[in-house]
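Chain naming follows the written order as A, B, C and D, and within any one chain the residues start at number 1.
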Amino acid sequence: MCEEILKKFENLVFTKDKAQNLVVEINKDDLILIVKNLKDNGFDMLICVSGVDFRDFIEIYYFLYSTKLAQKVILKTKIIDEIESIWKIFKSADWFEREIFDLLGVKFANHPNLKRILLPEDWKGYPLRKNYVANDIRLVWND
Amino acid sequence: MIYDFLKTFAEGINIPSLIFESFWAVLMFAFLAAFMIIVVLFLVLFERKLLAAFTVRKGPNRVGLNGIFQTIADAIKLLIKEDISAYNTDKILFTLAPLIFFMPVMILFGLMPYTNLLYAVNIPLGVVAVMAVTAFSSLGLILAGWASNNKYSLLGGARAVIQSVSYEIPLVLSILSICVLAGSLNLKEIILAQSGGLFHWYVIPNILGFVIFYISTLAELNRNPFDLPEAENELIGGYNTEYSGMKFAMFFLAEYAQLFILSLLGVLLFCGGFQSPFGIYFGVGFFIQLEQLFWLFAKTFCLIFLAIWIRATLPRIRSDRLSVFCWKYVLPLALLNLLFISIYKFIMGG
Amino acid sequence: MTKTEMLKLNIGPQHPATHGVLRLLVELEGEIIKSCEPIIGYLHRGMEKIAENRSYIQYLPMVDRVDYLSGFFNSFGYCTAIEELLDIEPTQKANYIRIIMMEFNRITSHLMWLGSMLLDLGATSPLFYAFRERESILELFEEYCGQRMMFNAFTFGGVKFDLTKNWLNKAEKLIEKMPKYFDEYEAIITKNPIFMDRTLRIGIIKKEVALDYSITGANARASGIDLDFRINNKKSIYSEFKFNIPIKIEGDCYARYLVRFAEMRESLEIIKQAIEKYKQVKNEPIVNKKFNSVFLKIPNEQTTTYTEAPRGLYMCQVIADGTNKPYRIKHRTGSFSSIQLLQELVVGNTLANLMPIIGSLDFVLPEADR
Amino acid sequence: MNLTGYGILFIFVILSLLFAVAMLVTAYIVQPKYKREIKFQTYECGLNPNQSARIKFDVKCYIFAILFLLFDVETIFLFPWAVIYNKIGLFALLEGILFILVLGIGLFYAIKRKLLEWQ
């Protein structure tokens, strides 16, 4: 089903993860179009957005779900540190993207309110990056 | 009896009667103040124990035997607690508010007849005085809300205005229906007009008026389901958010004293006051007085029990429905009830 | 006429009705809310960062703490993820034990919600009644695994403890009694006119909005979305059980209340069936494959599991890199989305309506902040 | 000269004020006074208030206050009527009905005009 919807896009790599969920590797420039296409064709819920730091690049995962077909699809894209925001398509992406910005430092272009959500506003660094060193003075309580 | 004894004593040593009467008033006041504090201490414990029973708990059970000294411990704690008034509070109004809230309650205690001999103030316009004094206390809430410079207090104060303003009128109208029945504004005469047992009480023809009266008192007292000005889940503490120590204690004290005194008023107006439900007294002389006190408090605590029961059962009413409920349902009903009662009175004994 | 000003009010973090430490920055005109900005993060514990520094088995107790009210579900999601990565299947018996525990946990969680929602509405008694029943279930948990809230009872490939005969007897007795308790609640709540007045047609989540904001779980089902990951999952251990999924289309606070209430009854049905099935496979082991979990190394793979937790979908994404520590673990929880929805749902309501809305959405903050 | 009931009432008013003030004074003497900066912060859920509470704020109770004034004044007129109701008889009844009807019509008008709705 998902394959059919995404037929017209090029450079897609279809794989399966360990739990037999469909994972589609996409180019970050096609993201908006693909997500919009999926939404129009039944994938009406954005379950989650997550990001992983692989040192050289960051991978962003979009977990989409179709309530009618009971199908899941995971979009995966490689970026350096910037990607287009999809909050106009799914409003829930607003906070998911803020969380990724907060913890991974990924900048989402055209995001309306891109600021820290879980950490304090004046926190330094992005904790989920692999090169993050936890030496913030606020973590030392005993002095 | 004590009055007569002291009176002859005073006349014996040539004290002017004006001074003696004033002295007597002061004595009565001291007695009533002590009475009020004991009643409130008991009432708080009563409510906590009852609520605990309603919710399958034990309630306070540490201080004293089964927790009977719990409220005394609380009172002492509040007394020796530091009194804090935050930045930007209007210091004068902030102190004045608990005073204004507390004062009327004490006066109300003076206005009530407890038995046919035991009363402090007996004036022909007793009912009007009671109404005037009751309405006065809501001013304290408004002042407290405004003076605190706290947004939650402000909202609580605003709610208190709407609530007390709305429910004042049904309250007055339901009391008016009693005045029509009794043909008097004197509380004692109203009670004596109901003598002769259960079926002579005004609650029988005026049951609707009683319900309206009870709903309105609950609203005036800010009790569940009308506890909006201090709804803790919405406004934290409402008007008394910023209060601590003795000032808070005064709000607290006055609230429970009001619960008692307005329940007492309900008993006086609708349930024959100190009259026995059987129409006769079993004792003679001094024991009649005790019996009357017993009946009065028994009936009052029935009403208080009802209030606590309601508190344990019902959720809070919505703040915008509160005034609508009053103006659309309670007030027209109160007007109709007044009409009905006046026609009833005309037919029965006009 | 002079213009009135907006009252900017902080509701929370220290507020009796925000279920933890949620902060809502609302603008009020009169008592009507004109805008609302939820601010979270006061309970952020860095769960996802901690995972990177712990071995898989060391992280297992941490997962229970993602949502302290329904620890079994988080534990289950994490364990199944690791099982998928390791290609092991838990035994049937372990599955049944898991289901019994999870459904009991769902009831405790919903009872907690019921009590706190009615407390928000100003009714104090239901809280104590709900806690009384919750207590008896927590006692069962305590007897099972020694813990009342942070269970740490599931492991990779099964569960850590077996059920005793005594435990089963107690559980069966409790299941017998439970529906009566629920009837009691219904008697004092469901038709209560004040409760209905405060919840009917209040805080309506339309179906499109719910989809847009990724609302899952009972909140979505109250808005007419047929979404339950107990059924909608491809391989679900629930597939051999018969139970209904209550769905309402109104989407208001009252519908959410009804859905959750019906869910509790359904959970009892599931537990009843699970205990029957458990008795048939009594002699199986509780753990499929014993391995040295301290030096457990998982190949370079990734997986995602979807669990229907009481507060919506709990998704656990695990990325392994061949060492004994997870490379990245992502928890996706239902509360996070529910809180986000507040900014739209609350606007235009009065301050008094905020409480049933917050209460009925049933979020807990540690789950949102992780 | 004897005190009437009103005289005693007057003494009660003064005494209750004194009683209340005495309670505050006692507490002031007894209570500890450790003044700390942080204690004087206005409570706003653990944060510093971002604006003063003394703003021009729409509390929606103006209309209720007006209505209250109207009704309260008019019910005051009913008190004397209630007292002498027995003595006048039919005339009092008719008059009372008329008066209550007028009140009721006013209330009906207020409800019809939707003066009591919030939104």
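Going forward, contacts are C-beta pairs under 8 Å (C-beta built on N, C-alpha and C of every residue); 3 or more make two chains touch, one makes a residue touch a chain.
Keep in mind that this is a model prediction, so the values were computed, not measured.
Remark: the per-chain Cα centre closest to the mean position of all protein Cα atoms belongs to C.
Across the structure, the highest number of inter-chain C-beta contacts is found for B-D.
With centres taken as mean Cα positions, chain D sits 14 Å from chain B. With centres set at the average Cα position, the gap from chain A to chain C is 24 Å. Computed centre separation for the pair chain B/chain C is 46 angstrom, with centres defined by C-alpha atoms. Centroids built from CA atoms put chain B at 62 Å from chain A.
Those residues of chain A in touch with two or more other chains do not exist in this structure.
Among all residues of chain D, those that touch two or more other chains are 44-45, 49, 53, 57, 59-60, 118-119. Chain B has residues 151-152, 154, 158, 236, 320 in contact with two or more other chains.
Chain-to-chain contact here is organised irregularly, matching neither a line nor a ring nor a star, and falling short of all pairs touching.
Under the touch rule stated earlier, the contacting chain pairs are A-C, B-C, B-D, C-D. Of all residues in chain C, only 2-5, 7-15, 23, 29-32, 350 touch chain D in the complex they form. By the touch rule above, chain A contacts chain C in their complex via residues 17-21, 44-48, 50, 52-53, 61, 63, 67, 70, 72, 74, 90-92, 94-95, 99, 103, 116-120, 127-128. Of all the residues in chain D, the ones that touch chain C in their complex are 44-47, 49-51, 53, 55-60, 118-119.
Considering their complex, residues 7, 9, 15-17, 28, 31, 118-125, 127-129, 132, 188, 192, 194-195, 197-198, 350-355 of chain C touch chain B. Residues 40-41, 44, 46, 48-49, 52, 81, 84-85, 211-214, 216, 225-227, 232, 234, 301-306, 313, 315, 317, 319, 327-328, 330, 332, 336-337, 340, 344, 369-370 of chain C are the ones touching chain A in the complex.
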